[in-house]
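Mind having a look at this structure? Questions to follow.
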Amino acid sequence: MEWLRRLLLPVDQGSEFAKHIDNMYMAIFWLSVIMFFGLMVPMCYFAWRYRFKPGRVTPHQTHNTVMEIVWTVIPLLLCVGLFFWGIIGYMQFAVGPGESMEIQITAKQWLWQFEFPDGTRAVNELHIPVNKPVHLVMTSEDVLHDFFIPDMRVKRDVIPGRYTEYWFTPTTVGEHVSTCAEYCGKGHSDMKAKVFVDTPADFAKWMETGGDEWMHHTPEEWGRIQYEQKGCQSCHNVDGTRSKGPTWKGIWGKPVKLNNGTTVIVDEAYVRESMMQPGAKVVDGFENIMPTFQGLLRENEIRGLVAYIKSLQ
Amino acid sequence: MEHTLTSGNVTADRPRPAKNYLNETTGLWSWMSTVDHKRIGIMYLGAVSFAFLLGGIFALLVRLSLLNPQHTLFGKQWVTAEMYNRFFTLHGAIMVFLFIIPSIPASLANFVLPMMLGAKDVAFPRLNLTSFYLWVAGAALAIGSMVLGAVDTGWTFYTPYSTTTDGAVGLMTLAVFILGFSSIFTGLNFIATTHKLRAPGMGWFDMPLFVWGIYATGVIQILATPVLAITMVLLLIERVFQIGIFDSRIGGDPVLFQHFFWFYSHPAVYIMILPGMAIISEIIPTFSRKTIFGYRAIAYSSVSLALLSFIVWGHHLFVAGESDLANVIFSALTFLVAIPSGVKMFNWLTTMYKGNISFETPMLYAMAFLFLFAIGGLTGIFFATLAVDIHLTDTYFVVAHFHYVMMGGTVIAFLGGLHYWWPKMTGRMYSEKWGRVACALVFIGFNMTFGSQFIMGGQGMPRRYFNYLDQFQPIHAFSTYGSWVLGSGLFLTAIYLLASLKTGPLAPDSPWGGTTMEWESSSPPVVHNFEEQPVFEHEPYDYRHRTVTHV
Amino acid sequence: MSTHTEHADNPKAEAAKYLATLVVLLILTAITVGASYINFGSGNIVIALAIATVKAIIVGLIFMHLLHDKPVNAVIAVGGFVFLGIFLMFDFIDVGSRTNPQPINLHAPPAATAPAAAGAPAAGAGAAADTKKE
Amino acid sequence: MSTTTVDLHQDPHGHGGEHDPHHQHHFTTMEQQFDTSKIGMWLFLVTEVLTFGGLFAGFGLMQNKYPQEFVAAHEELKRWAGSTNTVVLLISSFTAVMAVLSARTNQGKKCAKYLWITVGFGAIFMCIKAYEYSADFAEGLFPGKFYSHHGDLIAGSHGYATFFSFYFMMTGLHGLHVLIGMGLMSWLAIRASRGEFSDKYYTPVDLVALFWHLVDMIWIYLFPLYYLIT
């Protein structure tokens, strides 16, 4: 029945918890199938067997206490069983194992920011080592979000003003997607992050260098990838149209008017400053809503973005 | 009581009175100022049908937006994320607050509940009319909020998004507040009517089960809706004054809003489904020509569902930041809901056993209800189980589940009830042939639209998503095609029902051989329902002395 | 309407009963105000609410006639308070049993930036008060 | 929201012919009509309880969150004013129930007198409330973002503004109910002095008195929660 599980649930079972959930899901699924046919087969049979015949006399059956007790008690027992099974599974998710790696998640419209205990930070890209329990401690800077990793079968709301948490242990190396599962406005469906489950060696390497992928791209390409991954695209368009923030197309080397009345030329220094201190120079007609990327972008990523903006003529 | 049943024939067993509630007085003002529960029921029927049309248009737009991941029609992108967010918000808000909540109670029950009790009217006729005009005012405000900067919060108005977003959220919350009082007055009226206006000799356990269902609904309307009203006021005040209750930026607790909201909105689910179940409890014995099995069990299960509905709302918050202790308690209580729902299913099936079943349109809808509600109910078990809920909540699985209950349950039952009482309400028979065709279209279209969403949800497609992964494209497209089939079925229903008003054959007093008291009136009934006060003589579904020879 | 007016047979006695009820209510008010000046710790709120409940019950039974009225009205009244109690109880269960996890490297309270979707002005005083530890 | 219901099932239109002019056609007897109205009123009171209940829940949870701020903020309220208002409302409840008794025993004039006294106590209550509000506003004790009071013990906490937001919301909604009750009572007093009520028909007096007692009952809880918390 693996094909059925693959149809009804995500193909990847990225954690022990996912296998547990899948087993429960399939058990309830088959229970439901049995009960569904247990209801529908009699219905169809009665409909056919007792279809209208002129003059047929129907019996006056008002109740049958034994039967009614049976069909009250049996479902009740099933429910009690499922309830306890559900709690056992839930506790794996809500109560942590002894030792785990903590990752702090900060959500904002519309990007995910991850921070490791040593201060390493990343945006929309979460690297975790395989077979090591992960403890997510999450908060939001604006509205409700929800960090959902379908392949791990885990999700919990990310709430402004307080922290929420959950645990899971990834068991297979590979790339997964996490999505926002609590409606948060315009960019809700674009608020995705990549979850990379790495081998311990790869993970250690990533922690040191932030990965080596940038070496395989031209700076412009690398910049475009950052544009898509770090959440720039939720506020900046590259086709010349206005969004929450100004477009990037055709601005390089041109003067722009700021909201304090002065004018500035778009060059590398200005672009860098806008990423690190977005509030310092705000383009006229836009609100100061951009979060700072200080400490979130590596040097190679900043250079890529500068090159990408330069290429958008 | 032992008149021969000549179902389907135009020959009524007594002459039609010349004057009935439709033609006793005429003119627009005679309708607008009426306190006759039947006319108010008809006005409500028109009003909620309009809301259903409006909400349905938004539903089709939502589905059309998701036809392909590029959101293109004829090669051009036609919808943006902002528009999509408004579509689903308006679809949800209109369907829940303007359509489903008042649908069965305020239109069908308003018409038949007093007649089932042998009463001349509801307890407070003018309050009934007030309720209708409050609905109109609420609808006007809701539509006003669409025109004056639409709302994009989702129908749930979760804070802090709803306290900070632009748009006419204030107007929409005001609309919901007013609609709440419309609903309260309806419920209040039915409870008082049931208590005090039963026909001479009719005890509590002599009432038709429809009345039990509507009575239980009224209890929920009275107890839950005020909390919604005050929640909407608090939300409005939070937006204007920033008092710091729901908005976390100023010290509020967004999860508290969800508690307040779901303390109403979970019981509201039962405001929607209990009347649906109540209709099924009428249709099945009538078309099986057999007394209902387990009358008391069904009556008690209606009331116990109403009461249980108040202690399970926390299951909407399992992953929303509710404490583990509360999660466990709410999970346990949620499972209890399965029991009375199951009891009803078993009783309906047993009623069909050894019956004499014919398949006119209302019965087809009743069987569709059993099919769809079984799926809706069983998929609820997935959510009650804490661990599985973590994965499935906030995905399309939830969307599919509650549409199976709300649309597959309530709306299908509403359609069944509409066809069941249409001859009584209008005095005309509709086209049986087109009725069956439309029922089949609705049934197939519905399963295409929402059955497929169980698969998407399980695979991890979150709800309220504008941009989705390409892998879901075929299922989304299939679901959208299903929505067209469903829409065409409903459109067809509207056409033949309206056509029957002009061309339908005259209806007999009791076209289906129903045994409850409303069938003792003429079709359509006279102004005060009965020419003489009916007296309770036999239990509501007594077929012992009736042998049907002809359909 | 004789069933409801059984006590009106003797309006004087009825009036005296109402007056006595008023006196009891006033005495209870005096007690509750007096008790608030004495420090019972967390007992104060319990005492105040207990006395308020006694007063509310007296008003319901005597002034609102529930004692001699048809039972259905009393059932309705009690039902309202029971369901209010359910609402309060579960809210407090949740809020009272929440754990408050804190990350290891806790920064300054998250700066509450205005959500990008909003043109709404940022909150006034105490924007960061929500991170106060319970 | 309350006026409509209270009015609606009172003032019945006469269809009865030889019957009591207040008898509505769809009731068999006046007693049935009276009982029905009473059930309707009690159901309406339940909705009132739950409406206020939402505010009480919010207040309780916020009190739980800001215990110190709430105690500190309540010092700004005048305990004598709250106590006086409690006494005023309790006495008005007594006069309201006396009005019902008078109506029921065919003493129309006395009923009108008691109703006017009740209205008078309501007015005293509202005057004291207005005095309290104006004193609060003078000190900058406004709800929500308009809060501009200086010298709070825990500087910068939003708890103070939250306390006063709830204070104004709950006492404001309560005050609105008092005003509605006063309006209804005045209208009934006029009808009573015209001799409209008797032991055969006194439903409106009975129902409005029920409404008034509920308003009193809510104040019985508001008073210790706002004026006496320590």
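To keep things simple, chains are lettered A, B, C and D as they appear, and every chain counts its residues starting from 1.
We take it that contacts are C-beta pairs under 8 Å (C-beta built on N, C-alpha and C of every residue); 3 or more make two chains touch, one makes a residue touch a chain.
Everything quoted here is computed from the prediction, not taken from an experiment.
Shared contacts of subunit B and subunit D, meaning chains that touch the two of them, come down to C. Here B is the chain whose Cα centre lies closest to the centre of all protein Cα atoms. For the pair subunit A and subunit D, the distance between mean C-alpha positions equals 50 Å.
Subunit B and subunit C have centres, each the mean of its CA atoms, that are 34 Å apart. Once the centre of each chain is set as its mean CA position, subunit A and subunit B turn out to be 34 Å apart. Distance between chain centres (mean CA atoms), subunit A to subunit C: 41 Å. Contact with two or more other chains is made by residues 35, 39, 43, 46, 49-50, 53-54, 57, 61, 65, 145, 158-159, 161 of subunit D.
Multi-chain contact residues, meaning those touching two or more other chains, occur in subunit B at positions 160-161, 164-165, 195, 223, 227, 242, 244, 248-253, 255-256, 321, 324.
Touching of two or more other chains is recorded for residues 142-143, 160-162, 164, 185-186 of subunit A.
Chain pairs that touch one another: A-B, A-C, B-C, B-D, C-D.
Taken together, the subunit B residues at the contact with subunit D in this complex read 119-121, 123-127, 130, 181, 184-185, 188-189, 191-192, 195-197, 222-227, 229-231, 234, 237, 240-245, 250-251, 253, 256, 260, 528.
Across the complex, subunit D meets subunit C through its residues 30-31, 34-35, 38-39, 42-43, 45-46, 49-50, 53-54, 56-57, 60-61, 64-65, 79, 83, 86-87, 90-91, 93-94, 96-98, 101, 104-105, 145, 147, 156-159, 161, 199-200, 209-210, 213-214, 216-217, 220-221, 223-225, 227-230. The part of subunit B that touches subunit C in the complex is made up of residues 160-161, 163-166, 195, 223, 227, 242, 244, 247-253, 255-256, 259, 263, 310-311, 313-314, 317, 321-326, 329-330.
For subunit A in complex with subunit C, the residues that touch the partner chain are 102, 104, 106, 108-110, 115, 117, 119, 137, 139-143, 160-165, 185-186, 235, 244, 287, 289, 291. In the complex of the two chains, the subunit C residues touching subunit D come out as 1, 3-5, 8, 11, 14-15, 18-19, 21-22, 25-26, 29, 32-33, 36, 39, 44-45, 48-49, 51-52, 55-56, 59-60, 62-64, 69-70, 72-73, 76-77, 79-81, 83-84, 87-88, 91-92, 95-96, 123-126, 129, 132, 134.
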